[in-house]
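Please read through the structure below; I'll follow up with questions.
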């Protein structure tokens, strides 16, 4: 069976219940999440053989994170153990016109301070067909670059989510890191802002339609770094709990394609991008057409917005049913 | 005082809190529900003298169901006791574009395996003016037919909700059962799909308006089985948590009448049809016009969608206030 | 530092969780609230030095109310202690088309039966620049009038929210009370219904636009009672959980001005008016223009509708960010 | 079937969860209770036909209390409706060495202000064989006396629990009230303190054993007021959550008898006395010997201490099993 | 690595929170458990490579059970899928003198109706060194016997817990089943009642000490069926939440040995026997002495009584620390 | 009014509910605590004017900690703001024979990295009569020493709790720190282990009674460092949730005195020592005798063990009532 490797950070996520603000709450819902872990969970639910690779502290919090991954069917055979702490992030859920807030408390986490000796890439990449990681933070940047090169050098398809977070690192550091990684990337998840701000690509299309702008930007990106597929969503925010998403894909063969626009109410917005990436990778691994993969990716992402927690909890069948019914579903009984 | 009898199954309903999926949850909200029990609860809240008749196990779960009925003012003097288990159903509450899911675990419940000797219809129907039941499952089919005949033979008005559930029995068995029962029915709750799929009625109206189609189908149904009133809603599903309902009634005198369309957000969709039936029966028992009864039925049903649990929790006054204010209400203070 | 005094009643608020009706619930969320206390909390969050003045029983419930105020940074140096009970109100949260219900159980509360000797106005008003109170109930009417006169006589700016509650006192008593207080008021919060029903002002504008009507009514009110600023919102109720608010202000210099209309979903509607008043007073105290103050007031009020409990929980920065982004905000991360 | 009437007050009981103090809590568990209502619930669970008579407000809180009674199978056919409010009491649950605290907020409750015209004793006492009430407060004192006389004059067995609460009325008023009621009482629940403090009976036994003192006091009480049976427990408090109870009964035939001493841990101590009274009345109504009734009463009371809420939730079979196994029970599976 | 196989039923366990009775509760805590699954979970926590083998329905409840096992590190590679339902059991937690109650609702579960074709023993037992199962119910009796024979014939050590549950099958059927299985058993968990009632062994020791009686009974059992080790606890029940446990082991070499007696308060008593079995098997697999294994088994069992849910949640280190400190531990900080 | 200053760290405390282990939990109860903050809260509840001084991050978590302090009446006028994070600690509550576990995640907290310029001791110590701090960690060691000297130099009584935590720093560093601070200490809280392990004091009493040993050790400690009073408890741990405490005090005038031994069940053990210190300081500040102060300290500490959270929630009256009733209290009603 073909194995997928995702590599990155998993954090404890603490969320006040019932849309309380952090200054109001007396309890937190606790779950775990992180970009690449979320992708791994989705892919396991879609039936794939996935390993999530990170470094976790040996304490009960590290064990909790491990159990969370195992519960979803994500393999944890290559976890490194040690370091000082599990990263934490506090999520204050917004609603209506009140925005959500994130407080990161992930400094000096075990993975952020991990070392090359913690990971034996020969073992990890044995039998792997796909490697996915992201550019969330500066800390593990050197490790990420190494992992990407190791994957690429073994002929494994590489997938990368640009995922820039301004609370975590400065623009310049991010620029430098992303530019060093992209030459090793086959499938790149990242949108307009990433292209323009991080990569400094300038669109020659002024005042054009979104498709024209995307087409221009992404063809430059593909050309410049040799990326095969660039996949992203455009998100319109009507209110904190009501969005519209459209999926876009650029590749050299297909050029730019896009899905229809999907509008929906939101239960939990975090991880929507990771669910999108996992959906697309599922289509890719299943040998589907780019259009089918893109549609599936968007469906998976939309459904994730109705699932509590960072990671998706739906199956291939549920995504496909959604793509047919678009939420106009009676109770199945 | 005029007594109403409803007969059917009451189950324990287990629902994960906070829109969690079943695979995510570590607890369940527990309540009780079932078509005829829900109708009984509504009618008790509307001030009627109602008996709910079923068979329940003698254990604590059966006692729990009894206490649930008593709490709402439903009389339980004719409950049969025994059998092996209380039926259970798990409800995964959907939201936005994610559909709700029901898992039935009601096989071999005490009522499904009940026997004719469990019910003394002479006693049960003494002083009764109305009998209501439904066609939810195949199991108790023979008992339901007997009860209907017994009620009809005593001159009691009979009310029947077709309520077909494909997870519970096949179409053919349902067809046979429904056709055997309908000749004893005065008031029939059931819509387009019931008429076409279950009863095999074909509309001569092609591409017409909904009212024309309903008028055609229901006049055939009334003619064929001697049903006096056919009452239903048409439900437009914009999303899992936003619907529009319109009420329809056909009778030989009135022909087809309908309410305005009501749109609303949803807290708990289960039991909306039972609240509608109960609302209509309240109008009927109060001697209201068919139009007034239909409007009240729709108002009761709409409000039910904002109430947690299977059964309604509003009074006649609350329904009437809603019909005036249509939700554009300030806080009463 | 300039001190603000608010004077009124604070009650325990008991709310069934999860939109349950009172007849369904087995638990209550407990918080505290009351018009003037809510204004005090908002102003403390906006960085002001605020004292809330009331009378509380010496028992644990009175202590709980005190702790609630202290937690938010409201000073409680002039609380009177004694009397028999803390007022309670039960709030049944409506949603969609089902209205919220309030049951007041505040009769004979410590503040309702308080006496002039309980409050030493010389001490209380030392260093104060603003006094705010409201006309919620008849009980403490004489005390309210005294407090207003004492404030006015010391040259303190006086602010008054008409806040008529029909469940608390009759129209006639309210009329008499309000008319006796208004001559001492500088800033008056109160809308169309207050002007027409309580004060008996008749609009000469027939079938005009809202701005024309407000302009007419409020200019009469200002003239008749010498009120300097009249500030209010107009609330359109689309459903119990979706409203549109527009803010209006009349003053002799500015005449009538208004904000744009803001539409939003609602988590908790109670205290929206108090948040509005506090927002305006913050602008007033900050020396902002009337237009800026009015916009800030509306923003604060809108955000309050997304906060659980009676009182607001947002900062000046959060209100200002909302006025820019209008809820179309990505997660800050 | 023989009907039992109990008459008194039922309140909403609000309890912070998890042994929190009132000043700590942000929520309350809500249930209902009151001496005579608790006795009624127990008797219904023991299979009796019981009516609880009181006056309740017409609001949702009054309806909630009614539903609570109905759920347990207590009939509510003679409830008077009206008045202003439902009495409330706050219970802060102690544990270990920290005592429980009660805050009564029951002044001016509907039953406290009820009138003779609210109750039609002819109807209420039709078919009744037993009447039970208590001396909890001064407010409804005249009503209680009337009810007692009405019961006695119809030859109904009367039962009275002295239940003095110092937070509710003064000793003198209680003395006068109790002395006026006792001549109508057949079965009296009340212990050492009631006899000595309320009734002013002096024991001639000095430094004797408890049985000698009780024998002396209760024989005087029986003689003086014509009471047939005096039944009580002696409670040794080792800690707030560990007690020992022993039951005592005096009657003219049997003289003083007592049970063995039962020690146990406590989940919820409130209502232990009411469960005891109900247990004894069950034995009395079943025609059991005084010794059997007393043992059953103590068993019922002990088990109540392991049940959350004011009222018992165990059956006759569970009490009898306890009297055999004394808690040394394996899991029944 | 040496693999362990356990085979049996896993059920959903539904428990009312806070010691509520089933007739009181409005929610259930949901977890999963069953004798052999509990043993598997313990062994996984102790660091072993364990497979749990059963048949589960394909619905969300079956998935939930799978996720529960995976979370704890139990492998689920040989789960059969299909059948109708997941067994359920309701646990009413007793406390103090009130016993716990179990309601089984496990009839016709997927495993109870499973067939030989569902399990490929060749695959399952590859690399296995230990097989553990129990005699909980009659349904899967033939499957259990087959599995035992298949294990034995491969030279795998077999472990069997007699675990008789009177609510599940009659004594005679149990006797016949147990007697047919025991000849294939190496390590047998079962106590006095099993030996006497199920196996009909008669002790020649009258009125002797427990060790003498156990020695006599177990030597007969070992002789008659060729069992190598018989291991059990003796449980003294002081109250429902306070027990004393002593461990006993009989083998042909060692004869009877026993641990000291451990007394402790209880949070959750279910699964105490399974934790004991797992503890002993851990010692056995680690090559420890019988005495060390027995002490560890008892320590693991005692700690399980302080863990919520059916299965243990402690590590080898925690058991060993307990055996030293016996609960007289300061907070580790 | 006389002001008290306490200086130290306040952390967020996260505790799984219902005695769940960290690896089991899906939510955390959130509160705040830390040795000197706990002392401050107690003293505020006892009616004193207390400032807690620390450095907190400017984010919502820092605000939450501030609100927690304000709620209890602790003044926060001298809080420094800034730094990166609020320290967190996870508390796994043990019960019966299972020990509690603490995971500290407090590295690089705002106070740990605070600087001298963050605190203006002139302002802070104005009007202060007592300064209390402790030796919990190495990080803020230099700041603690400075604060102590500043207090001492102003003639303020200094109080110090040795509170060694092995998870936070090594023995050697602690020794050096403590020895540098003790010369500035008037009242020292610390017991046998502190004297022997940290300070290296050797007892000349061998095998003697505890009082003899304490007397010897503490007289040396007093002599060596010039400490005026040494106060501590001796804790016997019967199980994790049942302890016995005895209080001891040594001073040059009184020599060694001790309280009686108090045994009790435990709800929450953390902060028992801080409640003890606060109790003693209350007596000291009230001018009570050393014996009265010591008894009050022990009563406050015992009651704290029945209070959820780190800090006490009882008043002077509740402590005094406990000292009379020793938990043998009926419900106050």
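We just call them A, B, C, D, E and F in the order they show up, numbering each chain from 1.
FYI, contacts are C-beta pairs under 8 Å (C-beta built on N, C-alpha and C of every residue); 3 or more make two chains touch, one makes a residue touch a chain.
Just so you know, these numbers come straight off a predicted model, no measurement behind them.
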| item | value |
| --- | --- |
| Comparison of A-F and C-F by number of C-beta pairs in contact, larger one | A-F |
| Fraction-based call for chain E against chain D, same above half, different below | different |
| Computed distance of Cα centres, chain F from chain D, in Å | 45 |
| Per-residue multi-chain contacts in chain A, two or more chains | 17, 21, 23, 26, 67, 101 |
| Contact graph of the chains (line, ring, star, complete, other) | other |
| Touching pairs among all chains present in the structure | A-B, A-C, A-E, A-F, B-C, B-D, B-E, C-D, C-F, D-E, D-F, E-F |
| Residue numbers on chain E that touch chain F, as the complex places them | 17, 262, 264-267, 302-303, 305-309, 313-314, 318, 321-322, 325-333 |
| Contacting residues of chain D [partner chain C, same complex] | 14, 17, 21-23, 25-31, 59-61, 63-64, 67, 84-85, 88, 90, 92, 101, 103, 105, 107-108 |
| Touching residues on chain A, where the partner in the complex is chain E | 67-68, 70-73 |
| Touching residues on chain C, where the partner in the complex is chain B | 18-21, 23-24, 94-102, 104, 165-167, 235, 237-241, 269-270 |
